[in-house]
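Across the two complexes that follow, chain A remains constant while its partner is chain B and subsequently chain C.
Entry: the complex of A and B
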């Protein structure tokens, strides 16, 4: 177990290093990118640019600049944004709880409903409900999240806001959980539902397919031959083995979202999360922020894949190392 | 005579398919006494597995159609509710399947899987179930059961897994054990061990056994009585001596002729039965075997032979040939040496 953790941590460090180098190189290889010129304002003098370059270390060689950036990011933690000239680390740490709130809530909703729909469709195979549920799931997958979000906003914030149904919906935005839990919940419930629709559809379909495949396995027949109830066969045998794919998908999707992948939902619902931060830094070509968000996202993705491997080994003893 | 343990009466099992109705089992009847070992022999698709899966009511295909009755200890299993049937499954009738590599759930330890069955049918404390599971593993010849109980199926070899399956099946002392080709997926030396184990445990537990196989050699040692099935019907039924030394049906001759025998000088190449089994959707008129039967004559085409006692003493067969004709002709099909000893 300890060896596993150490191996994973080393692996994580390697991935983070590779990704940050790659982003760094891509940024400086992009034509027309000169942060100093951007920061200098309109018609800057050559001296101004030169002094800015010196101030931000942009006149040093690439490896040194990379090293400086990493030092500011991890050691002194005072990396300065090229755009807003504010510190980047506090920006990330204030955006992260927003994204985490959004993604955790949505993940709970999508796990519960996708298992519910997936199991229901598999159990009701041969009836009209199975294709009905699957069509519903396909619709869920096909609806673009930004469009759905806008429609939800239109209904809850504007058209029906004054009706008894949605008069409780607060204005868009984010209130920290520690400040006002009820408000936090009320502001996040629609973003949660909107974000989870795609994943409910996708996971329900995957789970149904897995359940049906597992159902024809010999050991399910053995379970029935043992005289177990259908409920027990379904939950302890069929569902248990079908969850293996589900879990590995979940870990990665979850990590991508935590790392800023919920950008569209954050924009539509005005949530100042990591996705929004990434989006703004990309449009402004603000390297320190891009770099920090990328490293942050990569951290979560490698962490999640390590966790997935752990859960995977717990779910499927065949992959456990002796 | 006492009431039989199991009585199957005119059982028909068919499946609706796009091409038509497949008559997998087409009217078979047999009985099984307590403690008896019945071998059901036939090639793939002859309906032997479907018959016993029907007895267990394990066929989940929604397109299945049943007819007939299965009387077990005076109750018709076909008429039982799902819950009542669950009580029978695993506790009174247990089943061992063909492929031990896939028949155990890969994500649970073997101990857990045996305990699950014990707990389903008995009111046991946690420690009791585990102790019993360990005893069972020891009984089926698994070395160091106290360690192996916490291993997962993939940590066992094929033969050991089949032993685990047998332990699982015997866990609730069933009165009837159905073994569906229990040795087919195993190599030959392991086959012999597993058969020996089934034989010994049968004595120990006093269960009746139905042994399904495509290999007459497998039942030769173990079975008391043998049913030979072809295309969803029984073509011959008799005790071991009758089937091996006085086989009446040309299909049985073919099966016997295709067994490799090490105890006799090799006279010639092993013979195979030519051709393919008939379609179970459009059964040919008359005898189902006539298209592959070298002995077929006019009557076989016109008339469907019924399973009747022609030689007497519980030895039934479905063939139009007269007993004298058959005894004379079969020597050409089976090894001549075998016929001499009859």
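Entry: the complex of A and C
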């Protein structure tokens, strides 16, 4: 186990380094691109460009520049958005709770419904419900999330807003949980549902396939042979084994969503999370913000995926040896 | 996001094939027969071909049916409906009766789906946008597959250090979250004032090649992984050994022995990959870092329609329906191809 931990952590360190170098090369060493002008935003003054050149050592060698970028990002943490003249890193930390609220809620919904649909499809195999559920799942993974969000907004905010069904839906936006939990819930319920559709479809398909695969294992036959009830076979044996893939996929998808994958949902529902922050800086081409959110998010995802692998190895001894 | 699962997921064909059906037929002929029998996959293929044909006929539609230029704004234009002449951008209609509202769907040849903020014909734009989306989707999927295939063949065939280095680099790209990588590449390329020059290739920021290359590059590891694994095991097969014993060159071994055996995997991956790249393209364009104006794609039209969502919802809804139909058709087709070509495959792709 120790060897596995060491190996995994070394790989993680390498990935972190590689990501930071790649970001550095993309933003500071793309041929034909002047990084100072790009960082400075639209219509920069000569002084701004000069100070950027100095701060990031743009007249010095590449390794020094890389060091300066990392210093500004992680040690002094004084990167400034030249668009809004605010510090980037406090902005990111203050936006994080919004993203977490969105992803946590969606995750609960997608776990519950994908298990429900996946198990239902596997149990109802041979009936009309199985292909029906799988077609629904396929439609779910074929819908762009931002478009689904627009359709949801159109229905709940405009077309049917005056009907009894959706008159309770508050305007788009975010209210902190600590301020008004009920409002927090009401504003997030549709973003949660919208974000979870893709994952419900995807996880239900994976779970169903795993359930059917596990069904043919010898130990399931043994469990039946010793007289266990169908329900017990399903929940104690088939489902538990099938959940292995599910759980490992979940860890990564969750991390990716927190690290910026929920961007599209945040934009379409106007939730001021890390994703919306990135989006606003994308439309303004505010490079310091984009660069910082990319590195922070990528680091977060890398750390999380290392953690998932370690937990996974702890749960399943076979992984350690692979 | 697309996933390959064992035969369990789709329709099982093996049960229908008795010994007499199989004898004397090549694997490709068998696969073709299985595919033809899968009515759902055939319908999906027909739908996809139809969407491609209609999208590539966009210039015909705008020239002969809608009679407009879908890229030129037509703010002060008028349209004649049932003998009445109406302005394309109508005064009022917004909140408090201020502002301008583009004309809604006329369900006639002109402005069939209405106009957008600049008075452009939405139906014609959706067709042109489809052409761009499909070009980028198909092009980037082909590009990613070609690069991945070359690296996978080299790494899997030669093994050792070659494999170790290529695979580690692929793992590193894989570890970089896809959207973040695409966002970084896109912002830098789009802000480059004179476009990007690499050798004799010159890319301007507005070119469709920019999103095509970005999307093509970020998906390389997703195709590389399953193929490299397959090449690795094929390399140890008896027929490759036989080739070595006969003195075949490495080049010949790779192209005549290994490549034909991974071809089916690539073919199965293709529709799912195109579905994924089309979704990615639309997301990047929606975020304004994909296709740049004056070009349009389904994603940019959805973005245009966002500000008109409550007054003229068709601007955003129509391209979305096209995306859903295209991606759904490709996913169903991918499932069908997998069942036909590779009934016992356990290859998984996730994107």
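In this text, the second predicted complex is superposed on the first by the 258 of 322 C-alpha atoms of A that agree within 3 Å, B and C clash if a C-alpha of one lies under 4 Å from a C-alpha of the other, contacts with A are read in each partner's own complex, and residues count from 1 in each chain.
Just so it is clear, a contact is a pair of C-beta atoms (placed from the backbone, for glycine too) under 8 Å apart; a residue touches a chain by one contact, two chains touch by 3 or more.
Keep in mind it's a predicted model, so treat the numbers as computed, not measured.
J.: What's your read, chain B or chain C touching more residues of chain A?
T.: C
J.: Applying the document's definition of touch, where does A:27 land relative to chain B and chain C: first, second, both, or neither?
T.: Once the two structures are laid over each other on A, A:27 reaches chain C alone.
J.: Could you look at A:260 and tell me whether it touches chain B, chain C, both or neither (first, second, both, neither)?
T.: It touches chain C, and chain B stays clear.
J.: Once the shared chain is lined up, is A:225 touching chain B (first), chain C (second), both, or neither of them?
T.: After superposition on chain A, A:225 lies in contact with chain B alone.
J.: Across the two complexes, what residues of chain A are contacted by chain B and by chain C?
T.: Touching chain B in the first complex and chain C in the second, no residue of chain A appears in both lists.
J.: Report the residues of chain A in contact with chain B in the complex, numbered from low to high.
T.: 126, 217-219, 221-230, 232, 236-237, 240-241, 315-318
J.: For the complex, which residues does chain B have touching chain A?
T.: Those residues of chain B that touch chain A are 56, 58, 60, 62, 82-83, 86-91, 94-95, 97, 99, 102-107, 109, 116-117, 120-121, 152, 154, 165, 168.
J.: Name, in rising order, each residue of chain A that touches chain C in their complex.
T.: For chain A paired with chain C, touching residues are 14-15, 18-19, 22-23, 26-27, 30-33, 37-38, 134, 138-139, 141-144, 146-147, 150-151, 153-154, 157-158, 198, 202, 205-206, 208-209, 212-213, 249, 256, 259-261, 263-264, 267-268, 278-279, 282-283, 285, 287, 290-291, 294, 297-298, 301-302, 305.
J.: Write out the stretch or stretches of chain C touching chain A in their complex.
T.: The touching residues are 1-3, 5-6, 8-9, 172, 175-177, 179-181, 183-185, 187-198, 275, 279, 282-283, 286-289, 299, 302, 305-306, 309-310, 313, 316-317, 319-320, 323-324, 327-328, 331-332, 335, 350.
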